[in-house]
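Below are structures written as structure tokens.
In what follows, subunit A forms one complex with subunit B and a second complex with subunit C.
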Partner chain A sequence: MLEIKSQLGKLNSLTLSLAFLAIIGIFGLFAESSYTSYFYGMVELLILAYSLNIITGFSGYANFGHVVFYGLGAYFVASFITLLHPLGFIPHTFLIVIAAGGAVALLALLIGVVVLRLRGDYFAIATLGIVFAIETTIRNIKWLGEGRGLYFIGKIPLYDIKILYSYLLIIAFAVVLTSALILRRRLGYGLRAIRDDEDVAEVMGVNTAKYKVMAYAISAFFAGMAGGVMALFFSTAFPEYFLMGRSVEMFAAIILGGVGTLLGPLIGATVFWMIKDALLINFPYYHLIFFGITLIALILFFPKGILGLLNRLLAKKGKVLR
Partner chain B sequence: MSLELFAQTIINGLFIGFLFGLMGLGLTVIFGIMKVLNIATGAMIVLGAFTSYWMLMLFGINPLIGIVIAGAFGFIIGVVIYQLVVRRVVRAPMLSSLLALFGVMMVLENIMMNLWGTNPRSIPVFYPSINIGLVAISGTRVVVSLLSIAVTLLLLVLLKYTYLGRIIRATVQDWKAATLMGVDVNKVYTIGFALGAAITLVAGALTAFVYPFEPFAGFRFTLYAFVIVVMGTLGNPVGCLFAGLIIGLVYSFTGIYWIPSMVPAVVYFVLILTFLLMPQGIMGRRK
Partner chain C sequence: MSKDELLVIDRVTKRFGGLVAVNDVNIEVKKGEILGLIGPNGSGKTTLFNVITGLYSPDGGTITFKGEKIEGLKPHKIAQKGIGRTFQVVRPFGNMSVLENIMVSGMFCAHEKEKKCDIEDRCHGLLKLTNLEDRVNVNAEMLSLVEKRRLEIARALALDPELLLLDETMAGLTHTEVDEALTMIENIKREYGLTIMVVEHIMRAIMRISERIVVLNEGKIIAEGSPKKVANDKNVLEAYLGKKVV
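After this line comes the complex of A and B, so read on.
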């Protein structure tokens, strides 16, 4: 009985997430272009939050360097287009974005094999450093445009923001469905076992190393694609994409919503984006101070996020959202 | 590759290494006592630099005394941050304390930016350099290094020979047992965090002697401090000093023989090597 109920709970969350996402999607698609960019940022954060949730939420590994995959995705798209353009053959740009995501995922496999051997504090430090290491390296490679960024303006047609927004929407639906799938499959159970106690999980026969690296690569895949679309938007990959603050935004989003849940990143990213925008507009110079205070307050007082609060209300009706 | 340049690079690295060691020291004290990783280290370093700078600019206070003031200010800031934020996440999962302190970092950095702008500043101090045979040693760096060593020694004496030090060590060994013996763990943590913050701000005041600084200059130092702390065995002050010297050498060799801006990447590479080859650090015992 309990099993059925929890299955039902997941189904509810998935339907809710998809419906919610569809509403955001429609708003963005049919709004005026200037509003679309607002929704663009929201959906992008949503993808990043969901992808971070796959590694950090499900397996409990605090990945502070998630933004690195976003930046790398942008650089892969820029590199692919720069390489392909002289050949006179450029496939559909969405295919390039997928390829870039794949390349980032491969790179994440390599990084993950090394970095995921570390736990807790060491893992957090290591991922924090990755951002720095990769950014400085890129800034020193001539072919990648050093500090100026890798331009490919004119090599692909300029896109209307609505087309790029629809790319993002497809990725967003994909990441929500993937998250739901992972949660129901062996991988999801394995990851949550790792989160609860990695040593026990290993003794119980969970192939922890493999599961962690898989989760890491999957999360990198989606973050990379989001970065790739951003590169198409500016026709450039900038070193500024590796902004540490982005990593924190993603964290804030999943904590605000509810870490390790299916619905959490969606709620968190949406609410966070609205708060951030309101703060930015009203307090252009001080918004980051407020942002910092909000982050602290969230962690101290609402560690389970908005979903935790909702569940407390729903508990009387015997329902649980995940 | 001339011998002079090589010797000079070593000297430069060593005499900046002591300062790096001090940057790690504040972090390692806090981690050693309460297992909390102070990611706001870089912001605190810059705050220390600013404290000393404004003491000089507004009141004409000698930067050497400014260091002491920075330390005192750091202690106060540390008490405030501990009581407001860290106290509630000390026993929470590591992710919580890291993110909460990330929030602290953002608040500190952006307050500094709003108050003082983003122009790089520096403290105009100059001590004549000393020539020994092939190499010249910058006098400023000698002063900074001596003071860094002095602070480290002071801390060691405090931990080893005072009553407070004994309480701190007892808490580190087993906080539950310490509580049962009548130790007010919360108070020990407050003092520990404040002590770490004070050392970090002192390191910042000394950094201002050598490097220009602006509100967002700190994050690079956080990375270096992390590497030093891990390399020197988490929670070990002496290891911290030695690891600082190693990172100082890495820093100066990368700067002279390769590209200065590649330093963070190389330091990171060293970090990963440390993690993989000797996760216990240079002072750790192999198990």
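After this line comes the complex of A and C, so read on.
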């Protein structure tokens, strides 16, 4: 933690992202509820982008199936509450969310040990397969509500969106700090070495198998918690949480912002959310067409994301943001 | 096996399908020596390095390092036991700075308890040694070929190895650059008391630094001995130049 403390006094990616979170946090908490739900979606995407960045950004393993952890988080929360309710003992719901995140991380550990033996495109395709496999399994388990979803309405109090928003904010701060910490530790160095050349990393003493699985589990932990909060929001876990489009959104967000950086997911998720919302309101029928074109243009012209563009401007002043 | 042998390669064989890349090779590397490994293209030198560092597991034979069997271990375990290497085709971590490149192996070498600032100091020392001090924060991708080769040496040294495997570190360098590289390798050996195995095609270089040379051809050892002896060996001349017709 010392490394983090020494960073806090200066103007850098970490302080910028924490400050930004604090600002939208305060704004979302005190504004009208309709604004809060706008920021709710933004912060949720931000958490998902940061968590995806830990595996895909740092270690270069393209995970197209990250949404599976989001969906699983929701189902774990729903299952925990369904199981605990008859016992008459329901702990604080944020604790349930954390427990769900932990369960998702454990599951990711098991999946990761198998799947992370694959590299490159093969890994990417396998991650797609995981989403379909898990979603289909859940849709066929009676106890989990099959295709209807697992309802727990009435078993916990209905929440105001602002309370759930504050849950998300805590998770968002945690994922930003964790990312910063990882980047400064052995894990971060190991993962970045793996991204550049996995064989060489191994020859330089990096236990690549272990570090990849660790990153995979950590990223699953945060995505799982975001999904858990979503389940509280609807008092239900739906199979629709496994929607592929969510995976694409987080992927687009980190590419847009700057892959593998600390500030990139924040910029990417924010800009992505704003563009998406603006297009949806102004062009309700054609927004996806415009959205696609905007994304292609951004990626064509700024392959290193918006952060890369910023850095090109900052380079003249001799500064770099990571 | 006597005590002064650091690495013993005993009857090691590596096959790729029908091709025997390394065929029943025995090499003993003594502590503190510079051993040259030469041979025509495709004679199995790099494959042998890959077998030693664990990237390939041998199809037969054993490799003993400091009295411990290491064949079949994962490459990172072997690296942490104290074998560092460079690559024939340079492979720096392109998106990391020069310092970060070296920090990776500095952090993952055997001394787990070393503090980050101490590792950083050690790495700065290595940058000085390899003459990369003024490139510390440059992305490794942006370096010139000579600098990348020097970076690879620094990165291997950051593992704090006892055995250093240099795979054609001088290929593609100019005459003066080769001289500089040779002086550097000699300095490294003196300063760190390392044992070094060198694969090299530049004869001038290998003749100057090696104390002993092993010649491979088609995966087999065809000659072994002092540089002078090897250079005049009939089998070696045949392997490189072909048989005399007349």
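The rule we apply is simple: the second predicted complex is superposed on the first by the 311 of 322 C-alpha atoms of A that agree within 3 Å, B and C clash if a C-alpha of one lies under 4 Å from a C-alpha of the other, contacts with A are read in each partner's own complex, and residues count from 1 in each chain.
Criterion: a contact is a pair of C-beta atoms (placed from the backbone, for glycine too) under 8 Å apart; a residue touches a chain by one contact, two chains touch by 3 or more.
Because the structure is predicted, anything quoted here is derived from the model rather than measured.
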Exercise. If you stack the two complexes on chain A, which partner ends up touching A:140: first (subunit B), second (subunit C), both, or neither?
Worked result: first
Exercise. After superposition on the shared chain, which partner residues are touched by A:130: those of subunit B (first), subunit C (second), both, or neither?
Worked result: first
Exercise. So, does A:177 touch the first partner subunit B, the second partner subunit C, both, or neither?
Worked result: neither
Problem set entry | Which of subunit B and subunit C A:29 touches, first, second, both or neither | neither
For this session: Return first, second, both or neither, reflecting whether A:293 touches subunit B, subunit C, both chains, or no partner chain.
Result: first
Exercise. Once the shared chain is lined up, is A:193 touching subunit B (first), subunit C (second), both, or neither of them?
Worked result: second
For this session: Answer with first, second, both or neither: which of subunit B and subunit C does A:122 touch in the superposed model?
Result: first
Problem set entry | In the superposition, subunit B vs subunit C on subunit A residues touched | B
Problem set entry | Set of subunit A residues, in rising order, touched by both subunit B and subunit C | none
Exercise. Where on subunit A does subunit B make contact in their complex?
Worked result: 56, 60, 62, 64, 114-115, 117-118, 120-122, 124-126, 128-130, 132-134, 136-137, 139-140, 244-245, 248, 251-252, 255, 285-286, 288-289, 291-296, 299-300, 303
Problem set entry | Touch list for subunit B against partner subunit A, complex | 31, 37, 39, 85, 88-89, 92-96, 98-100, 102-107, 109-111, 114, 219-220, 223, 226-227, 230, 234, 259, 261-265, 268-269, 271-272, 275-276, 279
Exercise. Which bits of subunit C are touching subunit A when the two form their complex?
Worked result: 53-55, 74-76, 79-80, 85, 87, 91-96, 100, 103-105, 107-109, 116, 155-156, 159
For this session: Please name which positions on subunit A make contact with subunit C in the complex.
Result: 3, 186, 189-190, 192-193, 195-197, 199-209, 260
